[in-house]
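Here come two complexes built around chain A, the first alongside chain B, the second alongside chain C.
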Partner chain A sequence: MTRLGWIRFGIVGGAIVLLELMCRFGVIGRRVLIPPSDMAVQLWNLLRSGRINNDLSETLLNVAASIALAVAVGFAVGSVIHALPRVRRAIEPFLASYYALPFFAFYPVFIVLFGIGRMPIIVIGFLFGVVAMVIATFNGFDRIPRALVRTARAYRMGPVETALKIKLPYAAPFLFTGVKLAVAYSFIGVIAAEFILASSGLGYSIAYAFNNFDNRTMYALMLLVIVLVTVVNALLHVGEARLMRRRGL
Partner chain B sequence: MKSPHMRVVPADVHAQLAGVTRVYPAADGGPGVHALGPVDLSLRRGEFYAVIGPSGCGKSTLLDVLSGLSPPTTGEVVFEGKPVGRTVPDGIGIVFQEDASFPWLTVRDNIAFGLRQGGVDGAEIDRRTDYALAFMGLRDFARAYPPQLSGGMRQRVCIARTLVMQPRLILLDEPFGALDAQTRLIMGDELLRLWRETKATVMLITHALDEAAMLSDRIGVMSARPGLILAEIETGWSRDRDSTIASDPAFGAITSRLWSLLRAESIKAVGGSARS
Partner chain C sequence: MRRLVDTLLVIAVLVAAWQVLHWVAGDALTSPAGTARRAWALMNGDTFWGHVRETGTAFGYSLGLAVIGGLAVGLTLGLNRTASSVAEPILVSVYSLPKVTLYPIILLVFGLGLSAKVAFGTIHGIVPVIIFSMNAVRKLPPIYLRAARSMRLSRLDMIRRVVVPAALPEIVSGLRIGFSLTLLGVLIGEMFASQRGLGFLIMNAIGQFDVDTMVAVILILAVVAVCANAALLALNRRLHQGAT
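Take a look at the complex of A and B:
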């Protein structure tokens, strides 16, 4: 690990130890927060008991579906609009202010449109992620050298083939930023939607534990969410670093 | 626009421009940039034709129009007896002035790209790719990625990628610009060898007088923008020439002829851009 890596490790480790001590010595009350070590033990027990298996797989499926949709639709829409500069100029302000919308205020609309169950949750996760992917596609495509597109024409490739075989691979490192954001936003969207719209899933289970004063389960599930997001991001980071190294970026 | 003399194309004419101009439209609907022409040009089948002219005179534009990459504003383009439309006809290979290597593919996959695209079978792809790697001196770099190569090597990857397609008309836009003088001479000889072997027609855009004088059968000399063909010079070299003709007295005569034609145009090109 690099020096900086050790420093970061120290910051996180130190914060956990500090929290643990404050909980153990009563600085923070039991009803507010349980010690991190208890969270870990409780999580371990929960996972072993199998009680949260369904909720966990449900949430992971919802997140995976929204990420896949956000990335695929975001790339497709982004590449089409990128080819239409006028349309792009017209809608760019909307995209830029998109994340200012408080989506969750509209949750009744989602229920009316998509019913309850899995659909509205995936749709919210998707809506959170898709615009980040569109914007990343614009950024990536803006960097494609003219000579590459002309090469595609010299090989008589059509617009779709050019997008998939030339533009997509060229822009991949820049699209990766969009994928990372789509992943983060989809997680946020899905878990938050499960709080208010669902009757299963991790978000729902956290809310349920909270409503039943079950602090230990609630914190264990929060820890699980943090671990999940951290692992997914670490994997993405490794993939991105590999892509960038090969391209000399 | 169809001019009457276009109807009869002699059998040995491979590609032809008749009354071709190109005006780049201005974004604000203004008069635009008149980049080229009117140009009349016939490439004979199997000849090595060089185009030389001052910077910004419309050489790359000429290549674009000839290959179907951009439409002429007026005039007509014909390749192998058929009018060239909005797509690049089969049989034309292009090497662009800018680096067009694919950074996400290895050198080998870069070279094989067009063949895979064209659905050539695997064994044949390997055979042609191996040959091109050796020919371009890239064998040791087959598994490298373009960002790991020098600019000159990347340009050789692009040349190889075009040559494996075995085009009947090869258009090269200053392909040796990124190379040092010695490598340029060697690459020039290799290009001549390839041209003899494949019997392809070659149009080479360059701004190096010696390169044009040494390699070509004919040289089209262009004026400052809007580019016109001021003169066409026959070199009279035999087909099995190579860079040693640089010591031939005729070589000196051709280069000084080229320079006397180009001197005034080059001053115009520089002065014009300094003023505007």
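Take a look at the complex of A and C:
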């Protein structure tokens, strides 16, 4: 590990130890927060008992479906709109304010449109992720040198072929940034939707534990979500850094 | 002029799509005209502005805390290369956490009420402000900082006279994202545990299958968010042009 990595490790580790000590010595009341080591033990027991397997696999499947949809649709929409600069300029202020809207509120509408079940949750996760992907596609396509586009034209490639054979490979590192964001936002959208509205899934289990004053389960599940999301993001971050470095960025 | 026409065209397309969706979904999604009528009725009603004031107060405090705190932390971290490289991945992973899962902790710490909402809005908004302002300072040409140092500016003067003006365009980009996320955070906070505010109004409408009110409140929020963002975007564009 590099020196920076060690410092980072030290800071995060130190924060956890500090939290542990503050909980153990009663600086933070037990009703507010249980010590991190207790959370870990509790999580281990939960995972071993298999009580949360259904919720966990449901949430992961929902997130995976939202990510796949968001990345595919985001790339397609982004490449079409990128070819139409006038449209792009006009919709940019709308895209920028997109994330201020609480999409969860449309949950009842999605239930009517898609039926009860996992589809409405997946749609909310998708809506959260897709715009990040569209913006990343713009960003990547903006950097394609004109010579490459001209080459494509010299070879008489159609717009779809150009997008897939020239633009996609060249913009790959930037698109990967979009995928990373889509993953993060899909997690946020799916878990938040489950938390506020659904009746199954990890987010729901946390809200359920909170409403039943079951703090130990609640903190174990929070730890699970935090560890899960952090590990996935860290892996994507490493992959992104590697792609960027290979491109000399 | 052409830009105005284009924007109006986008709005027309959005409204048309909404109308089509209304035909598909039936009563589950109020038509644009019906929503506008309901929004108008809401704004002329007695209770609506109380909810707006509640949300506005929480949002104002959160945004203030997120911007001031975010700039203070971000600019300080950005001036130190080691500190900022150490902090960046940590901040990015905090940014991508589903923070809604942490809401119960905030409720346990702050109790129900305004302070919990403010805290929740702030943790949503502060991270992007920190990340953007930190990266803005890191990308400054080193000569600016060297010049400031050779003129023996104090740290505060250096930030005020060199760093902030030079990094302003990026900082405004961060503020724009911070604005959106703070609003989202406050609304989510109100949706989950609150008896007042626009988020509560939406949640209450969902509970009573009052689709008209739900869509009308979202429309009002969307109009406010789009206008504020358009203003910040225009400011941003002007600053970026000034910088190059």
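One rule holds in what follows: the second predicted complex is superposed on the first by the 238 of 249 C-alpha atoms of A that agree within 3 Å, B and C clash if a C-alpha of one lies under 4 Å from a C-alpha of the other, contacts with A are read in each partner's own complex, and residues count from 1 in each chain.
Rule of thumb we're sticking to: contacts are C-beta pairs under 8 Å (C-beta built on N, C-alpha and C of every residue); 3 or more make two chains touch, one makes a residue touch a chain.
The model shown is predicted, which means the values in this text are computed figures rather than measured ones.
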> When the two structures are overlaid on chain A, which partner does A:A40 contact: first (chain B), second (chain C), both, or neither?
Replying inline: neither
>> Looking at A:A68, would you say it contacts chain B, chain C, both, or neither? Reply first, second, both or neither.
In response: neither
> For A:P169, is the partner it touches chain B (first), chain C (second), both, or none of the two (neither)?
Replying inline: first
> So which one touches more of the residues on chain A, chain B or chain C?
Replying inline: C
> Who does A:Y155 touch here: chain B (first), chain C (second), both, or neither?
Replying inline: first
> Between chain B (first) and chain C (second), which does A:I16 come into contact with in this model arrangement: first, second, both, or neither?
Replying inline: neither
>> With both complexes overlaid on chain A, does A:M218 touch chain B (first), chain C (second), both or neither?
In response: second
> In the complex of these two chains, what residues of chain A are touching chain B?
Replying inline: 145-148, 150-151, 153-157, 166, 169-170, 172, 246-249
> Can you name the residues of chain A that touch chain C in the complex?
Replying inline: 4, 7-8, 11-12, 31-33, 86-87, 89-94, 96-102, 104-109, 111-113, 181, 183-185, 187-188, 191-192, 195-196, 203, 206-207, 210, 218, 221-222, 225-226, 229-230, 233-234, 237
> Where on chain C is chain A touching in the complex?
Replying inline: 3, 6-7, 9-10, 14, 24-26, 28-29, 82, 85-86, 89-90, 92-93, 95-105, 107-109, 176-177, 179-181, 183-184, 187-188, 191-192, 199, 202-203, 206, 209, 211, 214, 217-218, 221-222, 225-226, 228-230, 232-233
>> Considering only the defined contacts, which chain B positions touch chain A in the complex?
In response: 67, 69, 87-88, 90, 92-94, 96-100, 102-105, 113-114, 117-118, 145, 147-148
